[in-house]
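Each chain gets a letter, A, B and C, in the order it is written, and its residues are counted from 1.
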């Protein structure tokens, strides 16, 4: 099965009357740790947004444009009561209403900027992008209890991609590339990855891919972080949702546990991957990685984060290179191979949801 | 009052059948000090021009393109009799006529390039951009006696802006931004700037804005340059013309002079601002600053020039940021506030004059 | 005579229904020394190509795009049997056929990429670009025996130009520019170059320009490389072919030989110039320079190569500057002068051959 993917600069979206993005979703806008006393500017789904934390620690998101002279509010100053423009000092509260025009007594009603629904949960800041019929959220933002699990330590980062979100989905849903792309960290024998037992399931708008690799040599990152005795049984569990993925992987000494038992022991890497389009052709990739060290928690975490960052840098090189080449060659056919089943199912979901114009 | 501004990349000029620039004007092309024995290349109103000084010290401006192979003449050599192309040695005089083709006896009549009317006055080099009906100047270029006033010392520089000229006009006609943008140099208490007494007058194609701020603390640049005793009476006089502005500001010890008396004492900063479009979306900003130090004229001038440059750098950051954001957000409404009256009147003048296609 | 040249960004090709390039030609794709155990990626005539040398030393050229996920194959690894994609490990042989999909038994027939006819001769790698009717070469690639002549030593390099190939042709066919552009190396008195005796001949799709400059001072590069006694008789012989030029120049002590005798003595510089379009507006310039030192062959070669590189850098500056200016000014008339005859004839040939759409 080969699934067409509508990629800007490669195939023509307009002709299909599709929106470039899927709307009526919570997207990850930022990691909580990114927003302190400075404003954070980030373009999301083509909309430039400024996020800031008020005096009560509440995070707000506004259109990043003063309604007076169109300056980015993100170039201004955060105050307890809101954000103040750096050109003439207009002050806006978290709802987007202008609450002060220096030197002018009357504030016109239309002195306001768009405000976005925002929820901060478990160390992640989620923003709602609705369509015209559904500007307000229809549900709460997803939770992610791993970030509060005392057995785990975690950290994360935000990467910017010169590539559309679909190619990042493809990459994360097909871990067989580990053997060729990530040999130095989480890879290992390429043939084993390409031949791993794999089970793909679709349910609603989500896709699950489970891969088991029993009795294999632990890859460098695993050995560096965990005292395995020798060969291990390895697992990879991918849970794709429209705006984010969970990829939980790990390994345990051969035969020491049941690979299908969610409470199994061993070394765990629980990855969270928020994929938020910046534009049709560029993406934000907001990731966290959690692990369960028995001892030396902070130093093991640092090792894991360093190697994860190194690994994700490798993916970024590959995916940006791929997109550059797709634009260069235009809309030429691609063939599918055995490892593409998860990615192809996710594409079908995204294409279906994008059929609803915003 | 809110005044629409037709900005390329933001609103559609073509639909309005307007020229992007105002023609039949003298624009500042260069500061005299910029042109020595080397050619100076500068694109003005979308036309690439080379300026050079001949053996008699006379400055000429030609289209920057050899009529043989289209090389920029500015990559050639200035000689006493003209400018010589660096590819095959064709020599052009200040009128644009080719006067030598090495190795060829006959010079075809059409071996010539366009020449522009130029006048050098008071340290400024002015160029005439006429429309088809008025290729030659209808008046002399403006003079600027301040540059020859023995009580004043002055210097200047040329800045390049990634922003259209209209946004620089806006900025210079509304000095209320000093309190937020220029706190470190010529600013001071923001509220005082936003609340300053302001009088705006239109006469023909010019606008005057006069602002008085009695009994205020002198800002850093003022204190550094002049021995004030304490609080001062401050004035700001803005004179907008289509291609340039004069902004004369200063201060005197409280109550020591009449703010309306042109011969008043105290500390004076006389700024000249030539705003010459490079293209619809980029601009040249040619400025000079003159001051009247009682003592240590050269060191005070240096301080004033350094702080002026620092201040204008701050404006450049704001205005380029503003234009980037305007393009990002497109043609969305802006609200006007009390300080916009001068800028709005200038916009009306520019929009009216641009209605005449070139 | 002035010859119109159809240059992208300057004049409209589409309106003329012409192909941007001349097809059914052997173009220089690389110097042999460029391809060792690493793949070489180069876009030629708008087609991204990967070249690599297999275990037998045979060079192949494939479309630089894996048929699975569109990754550039040039980001993969060269193996004895072909090139392996760096994403999922698909292996392609020199004919473009996929010969291994890791983890998958069956390889679909359509798992292949385009392969290009290639010939390696005399240190040059030639690639055939045919039209739809003539995908396979109709002749062998040109030879260049100078590279195998024991009396000569040679080396070369590949330059990238931000300019279309036509402007490089112009430059090489008109050596009168040496006096202005290359004063420091191979130039000399500008007037002598502009007044040199010149004979231009057209034969089929080739043009020959022969220039003689008897009894002149040797230029810096000549003096540095050869022990002339005093003034020299200088010659320049240019042989233009559609995809490359030979420019053989040199000098001998005054009166010591017949300038028309191909076996004359003296100092010889035999230049080879492959001009291969990267796109309509950018070019590859693959050059070699051979010389015949009596003694100290390697050090003389090094001097000659260094000065040649310096000289060609000067040309690159001029030509890229010229093209920038042509785009800036658009399609304005150019005048021809006496030295343009060779270039004008070459343009006629190129325009005629480009009339055949690919």
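In this section, contacts are C-beta pairs under 8 Å (C-beta built on N, C-alpha and C of every residue); 3 or more make two chains touch, one makes a residue touch a chain.
Molecules present, by chain and UniProt name: A, B, C = Aromatic ring-hydroxylating dioxygenase subunit alpha.
Since the structure is predicted, the reported quantities are computational estimates derived from the model, not experimental observations.
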Trace the shortest sequence of touching chains from subunit B to subunit C and report its length in steps.
1
Report same or different for the subunit A and subunit C interface, where same means the shared residue numbers exceed half of all residue numbers found there.
different
Centre distance in Å when subunit A and subunit C are each reduced to the mean of their C-alpha atoms:
47
Per-residue overlap in subunit C, given as positions that touch at least 2 other chains
none
Touching residues on subunit B, where the partner in the complex is subunit C
43, 48, 63-65, 67-72, 75, 85-90, 101-104, 108, 110-111
Residue ranges of subunit B in contact with subunit A within the complex
170, 174, 176-177, 179-181, 190-191, 194-195, 318, 321-322, 324-326, 328-329, 332-339
